[in-house]
């Protein structure tokens, strides 16, 4: 424990500082702070889920730039599944299922057919854009809403409880849970050890008796369900409609979050929150008024901040070494 | 080819579409005087956008039915295709071409010059009389500020928290006019009211980002707003839906739609939607097409109507005196006795 | 040409004699370097294994063939290994050794033929299947995940869990400690593999293979990266394992090791078994001849050096490694024209960083290096090269070659923008090709043509490409780092000969090698490094193998 | 010494010959010899078949639809010129992805780089447009330079601070979108548009507008010349050798004395510069001013094109032409297929569906394998350096 603290003291120090600052802000500006934290998390939810998709994929050695497309397809399927069936459950299943199928498509083309992973992702994105706009029918509505869940006890915590554990839909809770679970799984379970090995050095995993292809196939496919949830969140939770291009580049932002988070789930969660918070700040600058900065410029704040933070602080982080490369056995 | 000139393999169709019985079934004879053809070109939007493209589309479709005409549209994909897309219609000698959106102003004026036999209706387009001298073109404009003013006035009277919010699309004139009108109306009704305003920053999805709109509405509600004006295509619709989902929707929290009566186009917003700041594009387009068929346009600029749409289920919930005051204000604006004072 | 040492017969005119000379020294080497003499000195009969012992046949290969496209990597190979037997596979680079053992381990599927383990001839599907059937393998290239700890690497694929798939790393650490104690191979379970010196990584590999129950252990060139001491450790472990009933298939290019541990040897040439012999019935000469198909000069024939003016002058050099830790700490050395200075040292004592710094690929923290009157301390690789430094890098795959490029392009890798290979920024392909044809001939690079990709060459030929390139421009200083690692005896002979020729033509040569034999036989002068600094310098004539070994180990 | 040791040596065993298809007679041999070309043709055919099914399922006669698509893009009056006009910026945004890709960098910032070049190019061409073609030229140079500046920023962030180019190019897309929009509703807005509020810059004077010569847009000619130049640079010059070496093996490039940082920055600068030039050409040749909508999806299409072209600069020309053709023909297709039974016609999104299937089919390595029962050729153009 002590060694762990020693090793991570910079991270811990910064984390503590940020937390203290957050609480100071929370109590000092109580009129706007809670809503800003709420907005930050609201913005971050789909990014967290989508970034996890990227993390799982790349940790297994498969670059996934098709997250945008996966989300779009799932948002589409979820919304129309629910609208046509009249059941939210059916919609959710359709969305998650579509995420899985899209993940399976990426997995199969890249792992089995060894298609270039970037190309496969781009294909997925274009297919999703094409199909979801080509077959879009306007004027459908959802039969219900995804219920909000309050977590007893946790919701009482000032700031944190309010932001994460009350008045949030089930998907938001799943996002937190998923980040924690994927983190623990990745670094503390057999599956995680094998997944990381496959993403770092697949031939080592292969010679240790691990079926590289199968693990990659399974991981990339299953991660699709998280992309499905992220998509569902957009069309069935955050808004109650499906629109063309509703993902609005969030799948790509998620990739940036993944890299900012150094391919670690919990760090990606934090980075998504950071990004969401700067977004909230940008909006708040407009809402509060009195600043003479045009909204087009304040709107760029999150992106500028990301670049500045990365340039100043993050430095080089190494991604999984084998990400992007199909694993070719010796005699193939 | 085996598909015939339109390539339709569906064979002989039961006409539920745009053409009424007795109307032409294709556009091969548009050049004939007795065959009336209407075309519509969107500005990189779709005709099902629940907003102005859709309204214009419906207006043109209605005109075709009423006038026994033929109607087709093209959804522009790329701003550089405006001219080519209009040309599709002028090549076939369509009688009227409706272009939707103020971004097409210049392109429409140029097309009107090039095709004097076709009449052009530019929705939301204001032409510079010193440059455009053609008679076959009219810009159909609406006093968005008046619609916004009316909505703001209603909101100013209804708010309990004295805090209103606006979730807006891109910061461009039609949107700004709504927004500034709304703020002016609200202040006129209730001087102590505060209006929080947020525009979508930028990007090609500014009118198509309901998730962002919903997030903004949520923030504004948390910061005390009890009535949200969502004006920005699907982005604004996202805000309406968010209010509709929030606790107290329809009781203590309300939303106001834009452009069309969103009671119909965004049913999900019904729990909170007290009214919409409407510009009657559908009616305006139908009327202007009818004028075009009958003869000449009234002028380079045609002024459409704007106002508040029906209160629907909230008719009973809105206090009678509020309704009277709002109706009065709307009347004054129509009569021209009340100016919104909005300038850009 | 050589009149330096009167004792050995004239190897120049009598290659046979050269082999003999080498064999003699080789016997001495055995005696001096093999520490666990007790085991090694047991004749096979007494150890209870080897010829004459009718143990169970553990591995039986019948008619195995494997082709890659038009390359017939294995042709109709039949062999068998009994329980407790150590069988060596010998052959030139590309002879098909790795291909053969990879089929035993299920990494490659045979085209025809069977591999039977303990009489079970069902085809081996994949490594998982092989492991389940009691096969363990140490691969020619490390199969360790660099960013994971030793313990994590050791348990990969057969993890102990505490229910629900949660890793039990404590158990893994314990296992590592026990295993390393049992075999006398020290490793720290919590170090990340990438932070370990290669020798220790190899130790981890071996322990990893032993961490599962193995009946048959395959070792594919495990000693290529080991120091003599480490090699001896390993050989001792192998004997011990064999004594306790494990069979071992052992691939190496070093005949000394074969003779020291193996019971029998199979020799492969161009994919086929060309001979099988018991070690007691043969010697290094015989093995080398079987391998290459001709007699090989196993020792270097060279005249005395006639050093000229000082070419390389290194003064108090300090360089840090990738992690920012001091690797070269006050290194000083000078090399004169026409002499070979060998830098001997256990790997990981700053040699890599030293060479990289001298080549301009790594920043110098302090100190000075000069080539003649030219200060190269802050030079980049481009400037260094053009100042006349040839550099045969340690890691040929990573630094020395672009695998996807043709041999021709690789042969001008650092001259591509110079005349005649380029004129005002435009490449001149005819000149590039001519150069390649010439060097291919001169350096005996065996390929289908100069447009073949370098990545598809065998190891020895890859090395020849690099050596050819770095020598072709007649450098003032030639730096060769581990120039013969993983290279078969035939190619070693060739590369050594070229290095001596370069010296004779007046180049200053800096030879860095972990291979003490190589240092001793090639150098005119020897500098022993330890901890990133020179701890001793001596004339090669006066060099004493044991003494150098002691210095290398840090005992000074 | 060399005599004795080599004299005894038998002639060296021949190393494996490179795999070459066995000679077989006739058409089959020809096809096998031109595997990749055949694979592409088959991929196109399969994609067309898939599109056929989609079109047919909408109740439209597929041959007619395809015929219309092609006719509207190529044979209708002026449409060929328009297709070429659309192709021009696509070639350049494609090259913007290709050049860094050859160095192992993934530039997804085409959108932002294009917009930067377009707005400043348009503004300069307007400001200096009085001087005619010189003004146009100046606009192009400024577009190129401004795009390059964005690329250099990405390159510097990468080499100096280790910021991954995928992050920085995504972020810069958003930043540029915001800043350019602010410019066209603020400082650079056309005087005449200030009342109507249309976000656009002043119109470029006619003298500085780029037209077409004999039906071939000047912008297209420039794009083709640049694609050829890029190809020549990559395959024939020492600079190209440096690009390829850094892309193939960074360690070896460093060893060979190539400055990796320099090449990284240069490839991004050149790529982004070409995207910026594309923006300027588009402003001068098509819209004659800057409007935010000028970018459309050109930057992202560039990725598709680069991948279709397998990072070969010459191949970006046909790839871009394909995309340009489909996009040009799409409106006519929707127009021609609208009937009372299908009021929407075949919507233009069919193009995305077709492009996706084409890219998929062209890129599936196993397609070649199924066709020729040979080893799957590795189609790896992009993924090599991700995450480093």
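Per-chain residue numbering starts at 1, and chain names A, B, C and D are given in the order in which the chains are listed.
To be clear about the criterion, a contact is a pair of C-beta atoms (placed from the backbone, for glycine too) under 8 Å apart; a residue touches a chain by one contact, two chains touch by 3 or more.
Chain labels with UniProt names: A, D = ABC transporter permease; C = ABC transporter ATP-binding protein.
The model shown is predicted, which means the values in this text are computed figures rather than measured ones.
Of all chains, the one whose mean C-alpha position sits at the greatest distance from that of chain A is C. As a whole-number value, the distance joining the C-alpha centres of chain A and chain D reads 29 Å.
Put simply, the C-alpha centre of chain B and that of chain D have 37 angstrom between them.
Here the CA centre of chain B is 77 Å from the CA centre of chain C. The multi-chain contact residues of chain D, meaning those touching 2 or more other chains, are 174, 178, 181-182, 185, 347, 375. Shared interface positions of chain C, i.e. residues touching 2 or more other chains, are given as 68.
Contacts with at least two other chains are made by residues 133, 249, 294, 296, 299-300, 321 of chain A.
Annotation, chain-chain contacts: A-B, A-C, A-D, B-D, C-D (touch as defined at the top). Residues 188-194, 196-197, 200-201, 203-211, 321, 329-331 of chain A touch chain C in their complex. On chain D, the positions that touch chain A within their shared complex are 54, 106, 108, 157, 161-164, 166-168, 170-172, 174-175, 178-179, 181-182, 185-186, 303-304, 307, 347, 349-357, 359-360, 363-366, 375-376, 378-388. Across the complex, chain B meets chain D through its residues 1-3, 6-10, 13, 15-19, 25-26, 44, 47, 72-81, 84-85, 88, 102-103, 105-106, 126, 128, 170-173, 176, 201-204, 344. Touching chain D in their complex are the following residues of chain A: 58, 63, 109, 113-120, 122-123, 126-127, 129-131, 133-134, 249, 252-253, 255-256, 259-260, 263, 294, 296-297, 299-300, 302-304, 306-307, 310-312, 314-321, 323-326, 332. Residues 56, 59-61, 63-65, 67-68, 79, 82, 85-86, 174, 177-178, 181-182, 185, 192, 195-199, 282, 286-287, 291-296, 327-328, 330-332, 334-345, 347-348 of chain D touch chain B in their complex.
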